[in-house]
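Two complexes follow with chain A in common, the first pairing it with chain B and the second with chain C.
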Partner chain A sequence: MVLAVKAEGVKIGYIDEEDRVQWAVRGVDLEIGSGDSFCIVGESGSGKTTLANAIAGILPPHAIIQGRLIIDGKLVLDNGRLDFNGVRGRIVSYIPQNPGTSLNPFMTVEEHFYYILRDTKSLSRREARRIALESLMKVGLDQSVLEMYPHELSGGMQQRVTIAIAIASRPKIIIADEPTSSVDANLRAGILKLLNRLNRELGLTLIMVTHDIYSAAAVCNKVAVMLVGKIVEMGEVKALLYDPRHPYTRILLNCVPVLGVKKPLKPLVGEPPRLYSDIKHCPFLDRCPFAVETCKVEPLLEPVDEKRDHVVRCWRFKELKSVEL
Partner chain B sequence: MEPSRLGKHVLLRASKKLRFKIGLVIVVVMVAMAILAPYIAPYPDEGLGRVPLDGEGRRLLPPSPQHLLGTDTLGRDLLSRIMFAARAALMQSTIVIALSLVIGLVVGSFAAYFKGFVESVLTYLTELFMAVPSLVIALFIRLATNTPGYHVVIVSLTLTWWAWYARISYVYAKGIVELDYVVLAKLAGLHPLKIVGRHILRVIFQPMAVQAISDLGSALLEASAINFMGLGLPRDYPDWGVILFEGLRELSVIAFIRAPWLVVFPGLFILITTLGFALLADPLREELDPRLSRRWRLWF
Partner chain C sequence: MSSNYAVELKNVTAGYMVARGFRSILKQFVVVLRGVNLRVSHGERVAIIGESGSGKTTLLRVILGLLRPKTGKVIVLGKDIYRVKGRARAGVLKRIGYVPQDPYRSLNPVLKVKDIIKEPLEAYGYSSELIEDRIREVVRLVGLPLNVLDETPEELSGGMRQRVLIARALVAYPKMLLLDEPTSALDVSVQAQIISLLNSIYESFNITMITVTHDLAVAQYLADRVVILKDGQVVEEGEFESILKEPKSEYTRSLVMSYQLLSNMSRSESEESRL
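Entry: the complex of A and B
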């Protein structure tokens, strides 16, 4: 199977005003197969958006990047050297978080398609219009949307338009950065269904970033849980939901309210550590209820069982399996 | 570029307001007067400046059926003079505003988009030009070139006027450059000129154009002031400012008693035209930014 994305020790940091580097992603290795739907879950500041932006090739210029990133067989990132030509917008495409501010209010939907298709594929206006219509059909919108301005569309329609724009240039990989954060629960289900359908029907590799582990479960077949710039647990969605091994994943799953079930929702106390210095201990040390002396050294990603596709970064995952939270 | 429906919508809503209609009528009448001056002026020759043969006997006649607005110090029909003067007035203000708008839009959006050094240089430059009064520049240009004419008015006014547009479009653009669609376009590697043209200029153009329309009147006032001081257009040129000035120069303050029509009518035309542009642009601005008109409804 061809790998859609292969990351080897990717580290991404941002330089702040005082010339300090704040590492958002501190070494991520992952492999995403072609046609997979992959989800990156994590709290705010865990580096999930930065990682997704790196794959989409839209990191700001003040970002510092290390490691290797191979997208669809092309080495786009080799120890600080970036080469996204021919990849960004053509192979990888991006669905922004806020459709409202991501569309130019003075351009019709059709013009959005036209400028993007002209720049990526040098299509004429008529061809662009045809492809725009095709893409809009795929996301469940009709022809009338073409002549509208973004402010004439509802939030859900705007999000659908951004998805249609993302698939218009026929990419192989789509990055969706919290696509459901700005729509209500009903539309969220619709958008997730749509992404799921696109993933299946067009054979797209979908990489979704979210903080809602259950909407991840609804769409994706693989999930990676990120914490303080590192992946702490990764595996098939079923394995991860039914048999979470990392304490953080367990707490994350435990604090989701379930309809019809009365249970106390435990908050996760404490704050994620600052990312200025290189953290040598387990990223969850300060907040973990099971922390012991060994946790002062950072654990490695280890496979849970012999199938080797469910990995976890915890020293005590075996003994903690039977311990209640 | 096809006409934007947003613009049409704004125009449609604004056109229902009485102020807009009055402004439109005034502006249309003035423009028609300027274009048709040779055909509708009662004494076209005199309007262009020829002194009639019996000028001696017709000096400073008060308004009458033959000379609706009276005659000037050389015996020419004042109405014809004023009709021809509308050409100069509209031409000066339109050219000044159009040039200033283009320069201001470009400078403002570039300053907002290219941060850092370019931004500070352009904003300092803008402030520098805002600080200089146009009359002083007009004086310098007049002395340097030593010939009166349109160039004095247009250059001196444009030099000071563009800075205001640069400032306003800078502020507008500053609010846009941080929006996602600009940031994403930038990160995706779109050419900066394309970003400025497609995503910034296009968005700020409409409010800026409305601002420009309402400023046509102010530009006319300033141009008339320069002409009134005798710095711009040559003596005897049909222009409201020049006519006003000549009335006052010949008769000094006594003009107000001996021949008030000579100073009152040109001044009145300047006033009405300025008012017309303001009335025209105000409802447009309100429709473009509905918060402006709705705010008071919340208060009361």
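Entry: the complex of A and C
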């Protein structure tokens, strides 16, 4: 099987005002098979968006990058050398977080499609219009939207238009950055269903970034939990939902409110460590209820059982399995 | 005029003037709230639920005295706030604590946290020693370390900013707290922190709490009664459990359905992969 994305020790940092490098992603190895739906879950500041932007090829030029990233068989990132030509927008496409501010208010929906398709596929206006209509149909919108300006669309329609734009250039990989974070439940269910359908019917590789592990579970079959720039747990969705091993994943699952089930929420106490500090200890040390002396050394990502597809970064995952939070 | 309710809205219609067009500007009144009736008792926790554009925030603005309704009566803490003037009006408004929507945009970036929290107290003429003590007290109450007082909001995380906003709302001993989407900009883990903070505040001060949100699942922790708005009208109100069991309006039914759908989606997906 061809891997859609393969990351080897990817580190991404930004330089702050005091000339320190703030590492947002501190060494990520992952493999995403083509046709998979993969989700990156994490709190804000965990580096999940930076990692997704790296895969989409839209990191800012001042980012400091190390490691190797291979997308669809092409080495796009090799220790600071970037080459996203032919990949960005053609193989990988991106659904932005906030559709309202990502669409150009001066352009109609049809023009959005035209300029993108002209640049990526050098299509004529008429051909672009045909493909625009096709993609809009796929997301459940009709012809009338083509002549509208973004402000004439509702939030849900805007989100659908951005999804349609993302699939118009026929990419193999789609990255959705918090596609449902600011919409209500009605819309959220609709958008997640749509993403699910695109993944299955068009065979797209879907990479979703979110902080809500349950919406992740509704769409994706594999989940990686990120914390302070590193993956702390990764595996099949059901493994993470029903048998979470890392204390952070367990707390994360516990603090999502579920309608109709009034369980007491157990919030996470404390703040994540600041990123410029050189972190040698377990990234969850300060906030973990089970931290011991050994946790001052950072654990490695270890497989939970012989099947090796569920991995966790915790020293005590075996003994903690039966311990209540 | 007195009232037994903390907030009483009678047939309120409100909206905004909007300018339309490029060459010839046409002023047009856009109605947002259409005949809203709402009663909130003292010490009650109410959630106002609706999709975006349904008028939730506008409703809060009306209660806060910021938007004069076209028609109808607004009685807040026993006073008709669009009738009374001067000291009487100020007396009502300073009993209301308000937490605005977006913690990333609602704090003045050039002020230090202590100056942000101090502002309401200074405006209400508290003495400077009292102010110092009160700030420390309220910062501890919302669970912030004291050293944030000398930082600017830029240096704080989203959850900490939200705590600063809650501290500012609480600093002048309010009787009523209005919260506009208190958790929608935050992560789920931080959201749980803020929910438990708001619950502990409610328990220890017994204030009236009106929360605006689009998330029913969050609302069940922050309110005992829900009011559901759709296109500027109250389509349903009642106790949480009864609304969940037997939603009366079409909109509520579809809302509750989509929550069930979401949880079913995650369940079926994982069962499939088990096969």
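The rule we apply is simple: the second predicted complex is superposed on the first by the 325 of 325 C-alpha atoms of A that agree within 3 Å, B and C clash if a C-alpha of one lies under 4 Å from a C-alpha of the other, contacts with A are read in each partner's own complex, and residues count from 1 in each chain.
Here is the rule we go by: a contact is a pair of C-beta atoms (placed from the backbone, for glycine too) under 8 Å apart; a residue touches a chain by one contact, two chains touch by 3 or more.
The structure displayed is predicted, hence computed values, not measured ones.
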| item | value |
| --- | --- |
| First (chain B), second (chain C), both or neither touched by A:260 | second |
| First, second, both or neither for A:115, with chain B first and chain C second | first |
| Which superposed partner A:96 touches (first chain B, second chain C, both, neither) | first |
| Contacts of A:107 with chain B and chain C, given as first, second, both or neither | first |
| Touching partner for A:241 - first (chain B), second (chain C), both, neither | second |
| Partner contacting more residues of chain A (chain B vs chain C) | C |
| First, second, both or neither for A:149, with chain B first and chain C second | first |
| Chain C-contacting residues of chain A that also contact chain B | none |
| Touch list for chain B against partner chain A, complex | 4-6, 179-181, 184, 187-190, 198-199, 202-203, 206 |
| Residues of chain A that touch chain B when the two form their complex | 53, 57-60, 84, 88-89, 94, 96-98, 101-107, 115, 119, 147, 149 |
| In the complex with chain A, residue positions of chain C that touch it | 51-53, 157-160, 184-185, 187-193, 195-196, 214-218, 220-221, 244, 254-256, 258-263, 265-266, 269-271, 273-274 |
| Of all residues in chain A, those that touch chain C in their complex | 43-45, 154-155, 182-190, 192-193, 196, 211-215, 217-219, 221, 236-238, 241-242, 251-252, 254-260, 262, 265-269, 271-272 |
